[in-house]
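Note that the chains take the letters A, B and C in the order they are written out, and that residue 1 is the start of every chain.
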Amino acid sequence: MSTSSFVIHLLNAISFAMLLFLVSVGLNLIFGVLGVINFAHGALYMVGAYAAFQVAGAWDVPFGVALVVAPLAVAVIGTVIEVLFLRRIYARDIAVQLLMTFAFVLILDDLVRLIWGTGIKATPRPELLSGAVSIFGREYPIYGLFIIVLGPLVAAALWYFIERTSFGQRVRAASTDRHMASALGVNVPVLFSAVFALGSLLAGLGGTLAAPLRSATPSMGENIIILTFIVVVVGGLGSFPGALTGALMLGLLNEFAPLLVPRSEMAVAYALMAIVLLIRPRGLFPSPALTT
Amino acid sequence: MRSPALLETAGLTKHFGELYAVDAVDLAIREGETTAVIGPNGAGKTTLFNLVTRRMRADRGRVRFRGTDITTATPHAVARMGLVRTFQVSSVFPGLSVQQNLLTAVLARTGRSGVSTQSLERERESLERVQELLVRLDLRDDANVACDELAHGTRRRVEVGMSLALEPRLLLLDEPTAGMGTSERQATVELLSELARRGGTTLVLTEHDVDLVMNFARRIVVMHQGGIIADGTPEEIVEDIEVRRAYLGDSR
Amino acid sequence: MKARERTAARPVDTRPVRLEGRRQKWTARARTLAWLLLVAALAVAPFVAGSYRTLLLTEILIFGLFASSFNLLFGYTGLLSFGHAAYFAGGAYASALIMVEAELPLPAGILAGLVGGALLAALFGVFCVRVNEIYFSLLTLAFGMLVYTVVFQAREVTGGSDGFNLYELGSVSVAGRELLLGHPQVFYFVTLVTVVLGVALLERVGSSPFGQVLRAIRENSERVDFLGIPVRRYRYKAFVIAGAMAGLAGGLIAPFLRVAHPQMSHWTTSAEVVLGTILGGEALFLGPAVGTGVLIWLESLVTGRTVYWPLVMGVILLVLVLFLPGGILGTLTRTYRRVRGSGR
């Protein structure tokens, strides 16, 4: 492989890894604080992509608007799910919580089919980011670089938010011990809603960014949730560094494995997961609570 | 050398970050030597039990049980060798009846629980053993009550019953009387004393209440900040404690 | 709550405990009778019902076995699998391959389903039983979708998205009469016999000492470990048995539908048994089968009118989780007990 094609593949891998990271870190945030695995996280990602299509594709509004509106819309949906439904069952079994979020996978998937049909919905790339730059004599789309830059920015913002703000402090307290946090005056129900909304926002952001890249399809939610599960199982549930590491590993495998053996990307991803689990059953960054 | 130790730890250490919960503990328990491990909260008693029974992985040191190194054995292998424990917070099967709780332990002992189509009701011997235990622990009235509907002390007895069902060589009891009323406490101590007298099972227990263990433990080990600071007969320890009270103003 | 505190002052009662009261014995007999009646009713059903209903009933039986196998993991062992369809599909493809490629008769195909499901579960189980609760659900889902991806992509072997078709089921001669196995009524009886055997096996395993240990694992796996029972090994055995029985159901579905299809391994198929189990109630042995039966029957009513079946399923699941813990059968038995209890 020439240097230039290697670099192109590497950039592809990283930009995909950043998408995966955004979605995975949202899932981990929700799990770390609420203790709930949100099966519907992939469905929220998909809703984000369709919302982006609706705004930037169907209504032809600038993509920059979609970048704000679509994730926010998903955050609102997430808040509704948390406030009206999920909140009622925190005291119940983990299986019950999984089942409820599973119900939302079925509901959201079908609602998307109901609203947008089953066809592929392509969102045009924003004009500002539609060009390409020359890297080692090869053209590389600016949009890919945009995602590569955006990923670490979001990660840094999240880190700052959790580690340096008073809100983040309360989030960390609630993730370690929600009863203690409540006793210390943290409004846990509101905090949980906010965290679920933020996690959903990240899924929606992932979906929005993916829309111009890979188009919106009804099966994109299930595809991403499987990959996300692999990422968090490899990285460790509730861990931000775990999400980043897992996403990068999966992104690289996803790009390079098929070059060696065609169509092997999923098989290699599963192999990675199996190996990590055999050595470290709780992932690479095991933790009892949220870690940044 | 006296009779070989049933359980032996050498340099056993566990730390959580900077905190050494158990710090280079050497402890040998001989057959039939009923021992109480006492000490304030956070002294490392429970962690010591956790290390010995492999609930936690030791950072350093070795554990030998009946001459075999069990430092890296699995919890179930350790239990099968006859080293059994109870937990500080009663660990039972909450949704199952008392009878089913005991039956599970009996099945674990007999090993008659491989994949089969044999009905439970046909397990005559195991069921008879359950009956004995129900009588012995005065649990007969609650035989068909689910464990999560039991009073605290009763649940504790179920756990002790499960441990007895295993006919252990060494039984580690983590605060067996925690949360019990005075009379219930006394009954439990009597049950344990009787068990100690019978032989076959050596008892080691942790306890907050020193007076309670004075009567029937033959040996008392005092832990403080992860280490053993005193070890001797109850009389020796009482003197030692007097000394401590006098000099350090330690209320325990 | 019947919290009881007792003092030690009471004299120790040494009468033996009656573990099996007369009522229990009666209940056991009633249970056996109910089982026989159920099987008898199912045996008569195709003579009363038309072809369409017979076909529907065949599907309900097959999914009933599939759901019962799922419940060995969920209801008994406390492991919520979101990828149980993998073993169902494994069985379906195994039976289709054996019947078409090796040209073996139907019974061999059905058995191949069992073996296929068991082998697949034996492979994935190694990883899945190592982890707890949430990780288990994630892993089973991931492995389930691995199977889906593989059967979808391995077009040369599985026929890809078209599925793997089988057309001829052959015939048997019974009392001098040639019976076409593909005939709805004949296939119904093949299914009935297989399902009854499979379900009976699961019931027996569930009420054996092994099943007792599984229930204990569900309640408190750490306790089981400290009793000296290797939890992982028990989970693994349960996983393989559940996979084998799901495979057996798959071994029926492929000849029944004359196709083994990737959709059979898709997570939505897993979702159907999860949902059916919750609907019927996981605490009762027949709960999952009944719930899944109701679901299939509902589906046959609804799909004629709407293509949005998943939406309906999702809403049903939501309602169940919020308002009907214990499922239909669970709620019915609870109500029955309450009514009877208040009458005393």
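Note that contacts are C-beta pairs under 8 Å (C-beta built on N, C-alpha and C of every residue); 3 or more make two chains touch, one makes a residue touch a chain.
Because the structure is a prediction, the values reported are computed rather than measured.
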item: Overall pattern in which the protein chains touch one another (line/ring/star/complete/other); value: line
item: Most remote chain, CA-based centroid, reference being subunit B; value: A
item: Centre-of-Cα separation between subunit C and subunit B, whole angstrom; value: 40
item: Centroid distance [mean C-alpha coordinates] between subunit B and subunit A, Å; value: 47
item: Cα-centroid distance, subunit A relative to subunit C, in whole angstrom; value: 34
item: Sequence positions of subunit A contacting 2 or more other chains; value: none
item: Residues of subunit B engaged with two or more neighbouring chains; value: none
item: In subunit C, residues with contacts to at least two other chains; value: none
item: Of subunit A, residues touching subunit C in the complex; value: 31, 37, 39, 85, 88-89, 92, 94-96, 98-100, 102-107, 109-111, 113-114, 222, 226, 229-230, 232-233, 237, 263, 266-267, 270, 273-274, 277-278, 281-282
item: Subunit C partner contacts - residues on subunit B that touch it in the complex; value: 53, 55, 74-77, 79-80, 84-85, 91-96, 99-101, 103-105, 107-109, 112-121, 123, 126-127, 130-131, 134-135, 138, 140-143, 145, 149-151, 153-154, 162, 166, 181, 183-184, 186-187, 190
item: Subunit C to subunit A touching residues, read off their complex; value: 74, 78, 80, 82, 127, 130-131, 133-135, 137-139, 141-143, 145-146, 149-150, 153, 267-268, 271, 274, 278, 308, 310-311, 313-315, 317-318, 321-322, 325
item: Complex interface listing, subunit C residues touching subunit B; value: 1-10, 12-17, 19-20, 28, 201, 204-205, 207-213, 215-216, 218-220, 222-231, 237, 241
